[in-house]
Amino acid sequence: MRKIIYILIGFLVIFSFFGCQKREKKELVIWHWMADRQKAFEELAKKYEEEHGLKVRFELFFPPEAYSQKIQAAAGAGDLPDLFGILGEKKIFASFIKGGYVEDLTPYLEENNGEWKKRFIKISLEFNEFKKNNPYGVKEGIYAIPIDMMSIQFLVNKKMLKEIGGEIPSTWQEFIALARKTKERGKWGFICGWGESWFIYCLVTNYAFNIMGKEKFFSTLKGEVPYTDPDWIRVFKLFKELKEADILFPGIVTLSNKEAEQFFAQEKALFSFNGSWGINTYFQINPDLEYDTLPPPPVNEKFPVSIWAGAGSSFVVNKNSPLKEEAIDFLKWLTQKEQQIFLIQHTHNLPAIKGCKDKLDKNLVKFLKNLECATHPRIWPINENPRVVEAINTGVQKILVGEAKPEEVAEEIEEVKREVVKEK
Amino acid sequence: MRYSLKEEIKNFSFVLPALSIFFFFYIIPFIYTFFLALHQGSGLSSLKFVGLENFKRILSPQGTAIIVIFIGGILVVFSFWFKKKIKNRFLKIVKTASIIMGIICIIYGIKELGEVLSSGWVIDKEWWASVGRSFYITLWALTFQNFLAFALALCVDKAIRTGYIYRAIFFLLPVISEIIFGLLIRSLLLPYPGVLAHFLKKLGLENLVRDWLNDPRYALTTLAFVHCWRGFGWGFVILLAGLQTIPQTLYEAARIDGAGAWQRFIKITLPLMLPVIVLVVILTILGTVQVIGLPMVLTRGGPAGKTTVSVLRIYNDLKNYHAGYASCEGIVLGIILITLSFTLIKISNRLKKV
Amino acid sequence: MHTFLILVAISCIFPFIWMINSSLKPNSEFLSDYGFRLPHKIMWKNYYIAFCEGKLGIYFLNSIIYTFVSVVGIVLVASLAGYSLSRLQFRGKNFIFHLFLAAMMIPTPAGFVPLYVLLKAIGLLNTRIGYCLAMINVGLSLSIYLYKTFFDNLPRDLEDAARIDGCNRLRIWWHVILPLAKPATAVVVIFNALNVWNEFVLALVIFSNRNLMPLQVGLKEFASSPVGLTNYTALLAGLTIASLPIIIIYLIMQKHIIKGITAGALVG
């Protein structure tokens, strides 16, 4: 008996040695976090190998938080792969660039009269661009290539809308009225994955643009306007209205994005607020779902309302990679029409390049609407400190569960803002 | 019997493999954690040395100053206390160095205190709130979970024939991974589709139905309850084992002497079980304060941050690339835990002597 | 009293039964009754789907390798250390013991960064051995404590007899101590097997090769893949597969575990 155990142990130890790193022949390694795309990526890799003879390996690290930790650790050890994505706000992107890990891709985009650059929808490239004199201290240029786009808009279930005899709302008041009507019929008015707090900030900024205009919004970020300003309180009051209208899906403040998508697909709510990536889930759960997109119904007409749109996922090129040229070639190939169409058919995400509109799923096209009022923190001249953003998100959640009044929340946020400004 | 050096080295070599792995995988990251705690930013290019800034944010500037003075004081006092016992030259240098460091700490601390005494008292309320929540859950664990475990252990101890079945069953829950269990429970407790609510209605207990996971008043308690339910298996097994070490003869003798069941419990079971109980208490505290999987999956940090416990907060900070601050929080938490455990052990030793 | 026991027992078993019951249903049926009614026909296909779509086969094998190697490693390393801390004399003995204890209490949040750098420096990054060593470290503190207290309570006679017979320390450990420590070993095994089996964060950081990932990582990916998101029953089948081995290990080692704690592995 003992001998068998010893042999087993020895066998397993030796076997575990086989997991050692082997020196592969030339191979392009790409790290990412997109669980829904690994299969599509692998097929593309195979195709590329057939066409160009270079092996490409996509490695998936999920969940996204673990992915962030992985690239942090790898950066510290100089172990980053040839191509990888960077999650998080622009500040993180900037620190990777300043650390010397990211290649400046502007020269490649500009060569041949800007042939590569011209392929892209403008806003998707702007997402990854650092302009002159940016507050991050990064040399101007474009540092990442988008492989798809996304936009975040309001959604409405067309079937349910017809049932209550309503039209697509063009003002906030109409929206609340319609949502209330749905509630009377036993379904809910509005659902969103507000357990993921950044989503709250998205809607807050969309309405901030509507109520006070871009300029005043950026002034607040600079610290020139306090969060206790009446315009800001009006923004927060909107969430109070949502709560008091009793149209919110139960437990909305702990719902994950995926859960909200599932329930919307199961037709439990009339309106939702989500990004174009949700199409995949909607399709999987309920292929017959009829829905349309609309911009957030504005509160007043003074300033336009905004939506967030920009690059969905982007890849950067590792500056220190021995296969840099090959990596850039691969990126160019990946953003060609044929490959982009393959990707969007597989993942139902918006393409990053122009000229694919006719190939898009009918629901996907709807997310291309309203791009005139598109914006995104990534292209803003200044970004709010994450601690203040956290305070805003927590504060709005408190309003949504009825724990605090908008004025109190505004006070708390302003307090955090003052602290942060002082620390500078 | 004095051991020769060769003997000592041979003995030491036994602990060498453990120590080398430990050094490599824990000590070095631990030193790095201390190093990081003095910086802001993350392990990329954005590390900025900020000295004690992180600690000041957690403990408030006044608090930090006071603690620095305190540490300085301890260094000086201990060095002087050792004065008589040290003849070795090396240790003499260490002693002198620590006295100097102690005095520097005290001076620096007093200077800091003077500067900040007038300014407002700024402290990271969110962090301490999250620590408070961890301890709230721990309180539940110490009472509900451990009482349940103890009660079950007592019953199973008596149930001689069927005991082993129960033993197997009660330990099943801790065996499932936290994440799986959390996902399972979340789907039961969610107000929609409302599985548990449906169940309660059927039993006629409709007025017990609440929004357990999303109502800020109940979320934390729900989390505590779920955690206790999952965790009592560990306490149960340890307490049961402890109970089975008490020889039956003691009980027999007591019964002959006319002691009732309650008296037998108080005079025999409790005193003999004391070390086991202390162990379970310490393990419970350590395990519960560091819980992270369950809050993450069950409530994602809660309605308006109500279930963000300390380790979850550290994890979120890390996710947002604030590694320096996260390390600082980790150290503060660790020190709190060490102090607690230490105190508990000392108390238990004192009680043992009684 | 028995009613109390039975009630609690039911509440413990219930999640399992629900999980297994739901995993045997077709997804459409699950969506309508949420797993509370028995399946109309048993759908083993869910397990097949979980296995293939989630590629659980290789992940499962990996987890078994890691658990086995790490646990064996810990038993050897920790029992060596525990024995020496309990019976042998050397300078700094107390200090080292308390060092191990303190390690249980201080979390190192950003600890994976230097870990990554160090592992890369000695070339053990993205290898099975590297991961197993990291896992051994995770369980070291508690296991050493278990062994030490156990050995503290062990009567010395057999040991002394062996020494008189002329065995050196190492042979005493191997032939006398280890066999005697079986109960403590049982406790160490179950503690650590549980930890290693359920671990996934370190795996994601250390490994860059999909084929080396353990089961928990594969499960998480599966839960977010297109199949896992919509086919709940397949997901539950995957979860059941993931929980089964550890339950089996526990059921087998149950008796020994109680004996181990009784014999003083944890307390004097």
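In this document, chain identifiers A, B and C correspond to the written order of the chains, with residue numbering beginning at 1 in each.
Basically, a contact is a pair of C-beta atoms (placed from the backbone, for glycine too) under 8 Å apart; a residue touches a chain by one contact, two chains touch by 3 or more.
Source: prediction; values computed, not measured.
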item	value
By number of C-beta contact pairs, the top two chains	B-C
Of all other chains, the one whose Cα centre sits farthest from subunit C	A
Centre-of-Cα separation between subunit B and subunit A, whole angstrom	36
Inter-chain centre distance, subunit B versus subunit C - centres from mean C-alpha coordinates, in Å	20
Contacts with two or more other chains, residues of subunit B listed in rising order	42-43, 315, 318, 323
Multi-chain contact sites of subunit A, meaning residues that touch two or more partners	69, 72-73, 76
Touching two or more other chains - residue numbers and ranges from subunit C	112-115, 220
Of all residues in subunit A, those that touch subunit B in their complex	65, 68-69, 72-73, 75-76, 88, 91-92, 95-96, 98-101, 195-196, 249-254, 256, 263, 268, 386, 394-395, 397-398, 400-401, 403, 419
Residues of subunit B that touch subunit A when the two form their complex	41-46, 122, 190-192, 211, 213-216, 219, 299-300, 302-305, 315, 318-321, 323
Subunit C residues touching subunit A - in the complex, by the definition given at the top	65, 68-69, 72, 112-117, 120-121, 123, 125-129, 132, 200-201, 204-205, 208-210, 212, 217, 220-221, 224-226, 229-230
For the subunit C and subunit B complex, residues of the former touching the latter	1-2, 4-5, 8-9, 11-13, 15-16, 18-19, 34, 36, 76-78, 80-81, 83-85, 88-91, 96, 99-100, 102-115, 118, 133-134, 136-137, 140, 144, 169, 173, 194, 197-198, 216, 220, 239, 242-243, 246-247, 250-251, 254-255, 257-258, 260-262, 264, 266-268
Touching residues (chain side subunit B, partner subunit C) in the complex	3, 7-12, 14-15, 17-19, 21-22, 24-26, 28-30, 32-33, 36, 42-43, 148, 151-152, 155-156, 158-159, 164, 166-181, 184-185, 187, 193, 195, 229, 233, 237-238, 240-242, 244-245, 275-276, 279, 286, 290, 311, 314-315, 317-318, 323, 326-327, 329-331, 333-335, 337-338, 341
